[in-house]
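Think of it as A, B, C and D in the order they're written, each chain with its own count starting at 1.
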Amino acid sequence: MNSTKIKAGIIGATGYAGAELVRLLLNHPFAEVTAAGSVSFQGKKISEVYPSLQGACDLICCSTEEVMAKSDVVFACVAHGMSQDFAAECAEKNIAFIDLGADFRLEDEEDYKLWYGAGFTRKDLHARAVYALPELFRDKIKTSRILANPGCYPTSIALALYPALQAGLIEKNGIVIDSKSGVTGAGRSPSDTTHFPACNEAFTPYKVAAHRHTPEIEQTLSLAAGEKIKVVFVPHLLPVNRGIISTVYAKLTPGTDLDTIRKTYEDFYKNERFVRLKNGGETANLRDVKYSNYCDISLHTDTRTGTLIIVSAIDNMVKGAAGQAVQNMNIIFDLPEDAGLCIIPPAF
Amino acid sequence: MNSTKIKAGIIGATGYAGAELVRLLLNHPFAEVTAAGSVSFQGKKISEVYPSLQGACDLICCSTEEVMAKSDVVFACVAHGMSQDFAAECAEKNIAFIDLGADFRLEDEEDYKLWYGAGFTRKDLHARAVYALPELFRDKIKTSRILANPGCYPTSIALALYPALQAGLIEKNGIVIDSKSGVTGAGRSPSDTTHFPACNEAFTPYKVAAHRHTPEIEQTLSLAAGEKIKVVFVPHLLPVNRGIISTVYAKLTPGTDLDTIRKTYEDFYKNERFVRLKNGGETANLRDVKYSNYCDISLHTDTRTGTLIIVSAIDNMVKGAAGQAVQNMNIIFDLPEDAGLCIIPPAF
Amino acid sequence: MNSTKIKAGIIGATGYAGAELVRLLLNHPFAEVTAAGSVSFQGKKISEVYPSLQGACDLICCSTEEVMAKSDVVFACVAHGMSQDFAAECAEKNIAFIDLGADFRLEDEEDYKLWYGAGFTRKDLHARAVYALPELFRDKIKTSRILANPGCYPTSIALALYPALQAGLIEKNGIVIDSKSGVTGAGRSPSDTTHFPACNEAFTPYKVAAHRHTPEIEQTLSLAAGEKIKVVFVPHLLPVNRGIISTVYAKLTPGTDLDTIRKTYEDFYKNERFVRLKNGGETANLRDVKYSNYCDISLHTDTRTGTLIIVSAIDNMVKGAAGQAVQNMNIIFDLPEDAGLCIIPPAF
Amino acid sequence: MNSTKIKAGIIGATGYAGAELVRLLLNHPFAEVTAAGSVSFQGKKISEVYPSLQGACDLICCSTEEVMAKSDVVFACVAHGMSQDFAAECAEKNIAFIDLGADFRLEDEEDYKLWYGAGFTRKDLHARAVYALPELFRDKIKTSRILANPGCYPTSIALALYPALQAGLIEKNGIVIDSKSGVTGAGRSPSDTTHFPACNEAFTPYKVAAHRHTPEIEQTLSLAAGEKIKVVFVPHLLPVNRGIISTVYAKLTPGTDLDTIRKTYEDFYKNERFVRLKNGGETANLRDVKYSNYCDISLHTDTRTGTLIIVSAIDNMVKGAAGQAVQNMNIIFDLPEDAGLCIIPPAF
């Protein structure tokens, strides 16, 4: 019965993360989209913006106020710097707030200033916000009402490295992360770099060692390592719609072998619904996680050089954004964690 | 509870249509896959063949006998000529049989001989088989236990043309059908024409005016027209994974205008869950139906030449194969027709 | 020696057609690019706009005046309505003018008004301009200094249909043209429809029976037919960078068979360097003409319905734009027609 | 005049490298393809195998004997293990031999045994063979008649790392190489991994730290380093037809900054026609080298971690195979090194 369903509102519903939230929530057994906020398309049906939604969702895009008025939980999919006020308003009205942007991800305001060019506007809220990567911080998420949904690259990287770092299987220094993302990662707005003839049959890194996700990645990995660490992070633009592959390189600590590593990861993720470890000889492939909330991880060692190579694959729009946000909603509303997320990735 | 679910077995589960059936049935509320038959991969987990299924389905590929033994309904995804014996066996054992191949699609044995090079081996069964395009032949499907699931191109074309032909809005002669299909239509086996560098950044027609789906298309359209008609049909290979666009051209009968046509289609499809008519100014796009059971149809007239142009879009693996097969299963088992098929097509 | 090379200037050099002209002219044995005009990028190196040109062309984008001052021949790659003044200036200065836009393509001002929304501003020049499709109008091109380089779709269609129409092998009415173009056809400017995630894994028609190339197509075909004819023309957007496939359907006149048709085309094109007729059983594929000036044509009949099906393939940026423009330059400067155009299409 | 042109024969002309050699040599001013050897297609026109060649090359595929009989230089594009006998025969007949396979690339027979599973069959020839990467070993190439054309990955990596290693700008240990290759790298034969629906919209590493190019990479880098070094090398399969991007990570030696590095590379490559260093702020992109013999290199430092990041881009079929082979032919026949290779990469 609808009256008992969780009312989910979205600010920025016509961006890619917002549209993906709509897609996922429409199939959620215990939640429903009650408001799709959009500044650019207010008054238009969301199915006019995304014709794929025709017949499935004919919500008319509304104002932020209307989103607030109609929601038990608000998902914010807006540019950085804008979420803090929305969070404040939600806090006042006792609405759960899940931010898909960067505003609440970094604990250290100096880091935020350095990489985002502005300070925290609501320091009190930052103290209450939780970095919401369920597989790592589920307990804290449960009791919070302001969640910072992790970035797409950081999700793929934290899940790949956390167990090894925490268990001391790899050296803390010299970690290299080479990531590749589909074009939806650049969002809905057309640009020179996302113009089809410019990125089709093309491949290049971008923001080399200068991507804003770097401090977020380091924040989580430092927790795992028990000390502040730095990593090299280079993202690339992949000519596919969706998905992130992160290939991670780290020095093995003396005496560590592949069996130990595999055992550590199996233990770490044994109760995790959305993490799949590949068998020996298999590699994580973004094809196999597309449209789903899975993170596939394959573990490899280069014994010639004493290197651990971890490959993780996620769908950047699902586990890397909207799916993880729904997973977080499920946690704070005490629902089955996979409600609405039992999507089988299509094989092709 | 599983014990009350319909037991669905698949012969040829490791082909593309079979794998897609697995994906859809895993999310079906009232059915479950009980047996995945495969000659090539017997003894292997299906998730080894399709790693996307890891964790979601770890069925081990089995023999045809085992499929028969474990199923209330059998889906056959095999090469033409092979289904008739399976159907006979199912008929004997009172198992519902849904054939995704061509064996039972044509009523006229001469047509079958001409296009497939062999006669009917079980004429008695052919008399009982129903051509199972739900939007057109739902009543007959309900009472049958041997269903010929339509071909992908014929589905996209029949849904596009049936209303106009039946209502006499277009001339019966001179219909031109220009179709474009994604590469999954060619199946799972690698070949020169489906090798990535051969079909990526490429586009070409194939089997020009000589595709085996032609008699199937004409059989349905002749029913709509009330007399035997012939069409020109040219398929093309599109460098995408999934989807069929059929662009159909027909001469308007005197006095017919776009409003009349639109009204006719709206009436015809008003209760159809899976057919979406596009609004004026919009065109059907395979992007908007991907991974779903929808058929999107847009209607256009060229008043300069008195031509009706109909564009239909389906996912060849869903509405064009496995999805329609599940829809048919739902009908014969008296389930909600969209059970397991409430898939929102992802916007990107 | 450069001093004897033809000086070629380009207005609108940073659009896709302009950039392709630069690529082709850099390899031309008897011509050189002396000026690359660009309003948007004036003062910037063209190799900053197109890094592929680094080291090969470091021209700095200049004003239209500079283009005029430095050129024996001017290529104009600008929006419609803008070329007529440039042509007038070139005519005054005795500079050959090759227009890659639509301004001089249509002979009938009424047609131009109807489809482009404005009249001819320089009627005198229109009288002197020639529609420059070399394979059809070579003699007229030779003696003209104002050339209207044909549109991409019209080129692919005129070459496909002219011989059959002229020879009376097909009915003049009821011709259906279903064309598919790569995304470069939409030009260099990013837009919602050319955003990678919007057109990758997508396919749809656009401007159904309403594309501006329609009157241009009909003008040439009417010449072939010896009377005014109309056609149905529907273009589609193909998720590849380059290329156009036009699939053309026409009623065979009584008694015409494939041999007669093939013979007619062989005779018609026997001296044509850039038209390749496919053998029986082969189909024209845009893969095989990519990056080259070829037009591949395959001929097919559907004897069941008495239909001729012609498939033509060109690279929309070469034979459909810049390559044909260079071919035209070669003709008016009395150079070997294939100078600079001996490009072997890469097989993959 | 043909009689004075170098006669080039190809063994294995219908594989991808062979077909690319044909494309390049057809435009070579001082060489011509006189024989296209093929076991699989003997007696067939090569333009039947690659219709793109129709009209440009109608050579009939011939035997190896015929290739030998008609050539001044033989290019071998065959599986490893097969070239040594061909080389011996060429040596006897005083035919120059350029091997595009692996047989002569490794100096250390133990390495060859370890990675290729067999020893050298003609040790005398190995002593005379030269590893033919022109930018590094031009002088030795000039005087040899048996050339080992480098592998595609090793080319992209050696050009990226040689200057820095040789100049001592980076640590010799801990180098990480993350490479991504287009699907043509897997060759012409269809397979499960190169089937369009399996690799389109997909991305995954393969042969993680186990690719046969590893010893070849280390052999060249060890030369640069002045001592034996080991690297981590992980290749990935990119859903594009052509191109390799290698992203290389190395620890900066103390006191090294980006300016020093840039200056070193500028000096090293200042006379190299085919190496293009990107300006600061730009990144190497495989789009910009497609179909050409260029290697684009961009240099980046991560000062936070003291890391040099080098990105190199080549076309795997040109600079990574056939183009480099033609460059080598030019060197040994004392032709301009860029003869036949002045290809401007298309911008899209």
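Points worth noting:
The working rule: contacts are C-beta pairs under 8 Å (C-beta built on N, C-alpha and C of every residue); 3 or more make two chains touch, one makes a residue touch a chain.
As the structure is a computational prediction, the values presented were derived from the model and not from experiment.
Greatest Cα centroid separation from chain A: this falls to C. In terms of C-beta pairs in contact, the better-connected of the chain pairs A-D and A-C is A-D. Spacing of chain C relative to chain D, judged by their CA centroids, is 36 angstrom. A separation of 39 Å divides the Cα centre of chain A from that of chain D.
Here the spacing of chain A and chain C, counted between their Cα centres, is 46 Å. For chain A, residues touching at least two other chains, in rising order: 16, 184, 197, 199-201, 239-242, 285, 287, 290, 348.
Those residues of chain D that touch chain A in the shared complex are 174, 176, 178, 180, 197-206, 208-209, 230-232, 234, 236, 238-243, 245, 247, 249, 251, 283-287, 290, 298, 300-302, 304-305, 307, 309, 311, 313, 348. The touching residues of chain B, counted against chain A in their complex, run 16, 19-20, 22-23, 26-27, 50-57, 184, 201, 241-242, 276, 278, 282, 285, 287-292, 294, 296, 317, 342-348.
Those residues of chain A that touch chain C in the complex are listed here as 16, 182-184, 188-192, 194-197, 199-201, 239-241.
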